[in-house]
Amino acid sequence: MFTELKREAYEANLEIPKQGLAIYTFGNVSAFDAARGVFAIKPSGVPYEQLTPDSMVIVDLDGEIVEGNGRPSSDTKTHAVLYRAFAGIGGICHSHSMYAVAWAQACREIPVFGTTHADHLTEPIPVTQPMDDAAIERDYEVETGHQIVERLRGLDPHEVEMIIVACHGPFTWGKTAQQAVYNSRVLEEIAQMAYLTRTINPVAPPIKETLIRKHYLRKHGAGAYYGQASEAAREGEPGQVETPDTVDGLK
Amino acid sequence: MFTELKREAYEANLEIPKQGLAIYTFGNVSAFDAARGVFAIKPSGVPYEQLTPDSMVIVDLDGEIVEGNGRPSSDTKTHAVLYRAFAGIGGICHSHSMYAVAWAQACREIPVFGTTHADHLTEPIPVTQPMDDAAIERDYEVETGHQIVERLRGLDPHEVEMIIVACHGPFTWGKTAQQAVYNSRVLEEIAQMAYLTRTINPVAPPIKETLIRKHYLRKHGAGAYYGQASEAAREGEPGQVETPDTVDGLK
Amino acid sequence: MFTELKREAYEANLEIPKQGLAIYTFGNVSAFDAARGVFAIKPSGVPYEQLTPDSMVIVDLDGEIVEGNGRPSSDTKTHAVLYRAFAGIGGICHSHSMYAVAWAQACREIPVFGTTHADHLTEPIPVTQPMDDAAIERDYEVETGHQIVERLRGLDPHEVEMIIVACHGPFTWGKTAQQAVYNSRVLEEIAQMAYLTRTINPVAPPIKETLIRKHYLRKHGAGAYYGQASEAAREGEPGQVETPDTVDGLK
Amino acid sequence: MFTELKREAYEANLEIPKQGLAIYTFGNVSAFDAARGVFAIKPSGVPYEQLTPDSMVIVDLDGEIVEGNGRPSSDTKTHAVLYRAFAGIGGICHSHSMYAVAWAQACREIPVFGTTHADHLTEPIPVTQPMDDAAIERDYEVETGHQIVERLRGLDPHEVEMIIVACHGPFTWGKTAQQAVYNSRVLEEIAQMAYLTRTINPVAPPIKETLIRKHYLRKHGAGAYYGQASEAAREGEPGQVETPDTVDGLK
């Protein structure tokens, strides 16, 4: 039934330790099937090396189990909120990667200090508000989702595919589960670069808007010229070359 | 006789280099058999790759050798003091892991800066007092144990399973030797996250009590919902899912 | 036709992930054939593990494709500008390596803090001016090349084989593609050493001119005595031992 | 003739990349035969993976080649000066390891911030004076040796087996070539720990003398109780357990 969806989630979860994004079980990925309104997600607390495609849990958009023997990730309801809110995304990744967590714990957004950042998004990496006590005690994982959605208000979730939850850590998403993990790895890289930049020059300014847009548009949109046109063509988007193609290549 | 206990200690010691917690021989783990009042511990100064289950030394709670050809770890008496003081623990790990040592050398406790920390304990990572001269010259390893026990006074050693010995480095413990190493790895991660957090924001505040308790109770106690219920059930603790299950899974 | 040139570019590109200089596809190398006025360069957006010698794209000094099925690196025109300007170089490497990017984002040149630096060049690692809006919107990759050439004015590109493009990252070059990558790895090492030096001692001074020249001349020029004379002899340069020999040995 | 000596030097040189102490060819080890007054040293500029026991160069205490086809390390004369000055040492290691170089470039000695340091020596890691112009231009490598010897005056080279050459990097030595590399790895660990300690607490004090001596004497001297007595016995030094035994075990 959900063979393909489970495999996509399974393979994307294996990218978490491979990319060094989490120790032990400190991260999870889900893959979404919009047509059926369900997603496959990592079972809670199971080490990556014990995962199998069949161990993925199928959950609906209320966070209820549709298929699977295990308990889904404790962050499942946060994933569900994001799938409801961000139409068109196909995967979500959450981890406790080192430098993204450091910025989360410092409660600071990450400025656009360079072109590595601008290659992926034109905005600072947003950080949510710390959650208030009432929300924490209401339905914590749902509220985490609400915080993310609230902070994204006014931004396009297809352009800003990553966020830092204050005091906690990163959530990223994308058209596929693989791209969600790719975005987590990129966020970690950007977070470390920004950390080092500020240490060398505490008053380092963000780069100028023209440079941000130039780099972003090299990789995204109708005029993009990064990557192989043939790959874009395979997706029926001539002239547009998205990073996910590259990431697919990593599988 | 002590075949199982030695194997547990042996396998847990191998986790030290695997988790990057020590170079050369800079760390040791022991496994405790409460019924017999003995523990198995790494032989002193032997590289991890030369260890065998049989090379583990069996020691009683006075630190006297019960079985084994080698000298036990020079930290053996510290382990003995902790097994006497903390009823119900089954393993202890000591290492010189990089970031935990840095906080130890800075003589600073580690504030609860985020949920990674709160997932494991609700308190700052405690740091002992520096030892006075008389204690150093009396019986150094025993006194190191006393310092740890003294600092834990008023805390539950089943909730706070890690400490930093001032000027020295981390000691961690748990229900099993594997969980003791798991706690050392988690402490190292938390220590690095806190280091980076303070560098980004020197006045970063600890997170609020409600968030600390929420995250801790997701993983611990009767209402825990992290991990697989079946695993908890296997241990006869329905509804409670402890991290050691996960760690066992890593073996 | 271009079998050898493609193989040189291919092997040098594989050094990028091997040396830890880039995640995903964040770096590219080219190899130049001066006699034919063409260079072989990595195809855009293709992961290193998918590269083959045949996937390299042959491009002329106007950046036009001479042979190859794929799109060349989006940085191709920058390479072309440098091959035109720096007579005698045979390879160029561009990456987003962590510490070099941090200095780029901080818009700071790297002082000659020690002999590791002086073993390779006698000047601070230069950093370009940030690009003005008109240039960004004109022909970005060509202008990036112009910035580099402008900043190198007055310096010898055979002595200063590395530069940091402000807000972006490192470009390095050398007599061969392998040496270009070698220089990128050395730059990353120097950049990290300088980062740490300044953190320990914010007013650390550069080393003195006599020491800089002594170390540089141990490795370069007629009186060099680093490396094996036989290797230098093989290149018909008795008495001069260049690092590329060493790097060739790494293949 | 020098088969054993060459093998000892060869194996110790292979430890340099294995322990992460140098990239490319940025480090060298020698092994000394006091009876014959010669030492075996790495050939200059040859990558570690190309080394063979036979490629080691045999040199006398004037730095003249006794046997071997290649040029010896460009640092050979510094080794020769140290073997002349420090009676009883059997190996020397020089590298450009990251954190030790950072302290060298910052021209700062490393205080005894914790027990990891005190386990190995009771003094701050000494740093030489920067070399004056006349010495640089006289005979640089010989003068580097003189600087080291000058700085060690008043210290016992069997107790302080490591030093940082200002603006350059670490030199370490020991009873064997393997212990010299061991000391380089330990110095790198101590250097990183001290770096992090100072960042957390810029006014962190050194630890007290009693604690320094306690830890040092656990591992060194007649009353040492770290390591296996049998190993000490094998060396005919009952009651004394030196770290080299451990390191030998790593071969």
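The first chain written gets the first letter, and so on, giving A, B, C and D; residue counts start at 1 in each chain.
Here is the rule we go by: contacts are C-beta pairs under 8 Å (C-beta built on N, C-alpha and C of every residue); 3 or more make two chains touch, one makes a residue touch a chain.
Computed from a predicted model, the values in this text were never measured in an experiment.
Novice: Tell me, which chains sit next to both chain C and chain D?
Specialist: Common contact partners of chain C and chain D, which must touch each of the two, are absent.
Novice: Can you give the rotation angle that fits chain B onto its twin chain D by Cα atoms, in degrees and rounded to the nearest 5?
Specialist: Resulting rotation angle: about 90 degrees.
Novice: Same or different for chain A and chain C, when you check if over half of the residue numbers at their contact belong to both copies?
Specialist: Mostly different residues: under half of the interface numbers shared.
Novice: Which integer distance in Å separates the CA centroid of chain A from that of chain B?
Specialist: Chain centroid spacing, chain A to chain B, equals 33 Å.
Novice: How many angstrom lie between the CA centroids of chain B and chain C, rounded to a whole number?
Specialist: The mean C-alpha positions of chain B and chain C differ by 47 Å.
Novice: Pull out every residue in chain D that's touching 2 or more other chains.
Specialist: In chain D, the residues touching two or more other chains are 199.
Novice: What graph shape do the protein chains here make by touch: line, ring, star, complete or other?
Specialist: Topology of the interface graph: a ring, with each chain touching two neighbours.
Novice: Name the touching chain pairs, please: which are they?
Specialist: Applying the touch rule to all chain pairs gives A-B, A-C, B-D, C-D.
Novice: Which stretch or stretches of chain C touch chain A in the complex?
Specialist: Contacts found on chain C: 23-26, 43-47, 49-50, 70-71, 74, 96, 98-99, 101-108, 130-131, 133, 136-137, 140, 167-169, 195, 198-199.
Novice: Tell me, which parts of chain B touch chain A in their complex?
Specialist: Against chain A, chain B makes touches at 113-116, 182, 185-186, 189, 192-194, 196-197, 199-201, 204, 207-208, 210-211, 214, 218, 225-231, 241, 243, 245-247, 249-250.
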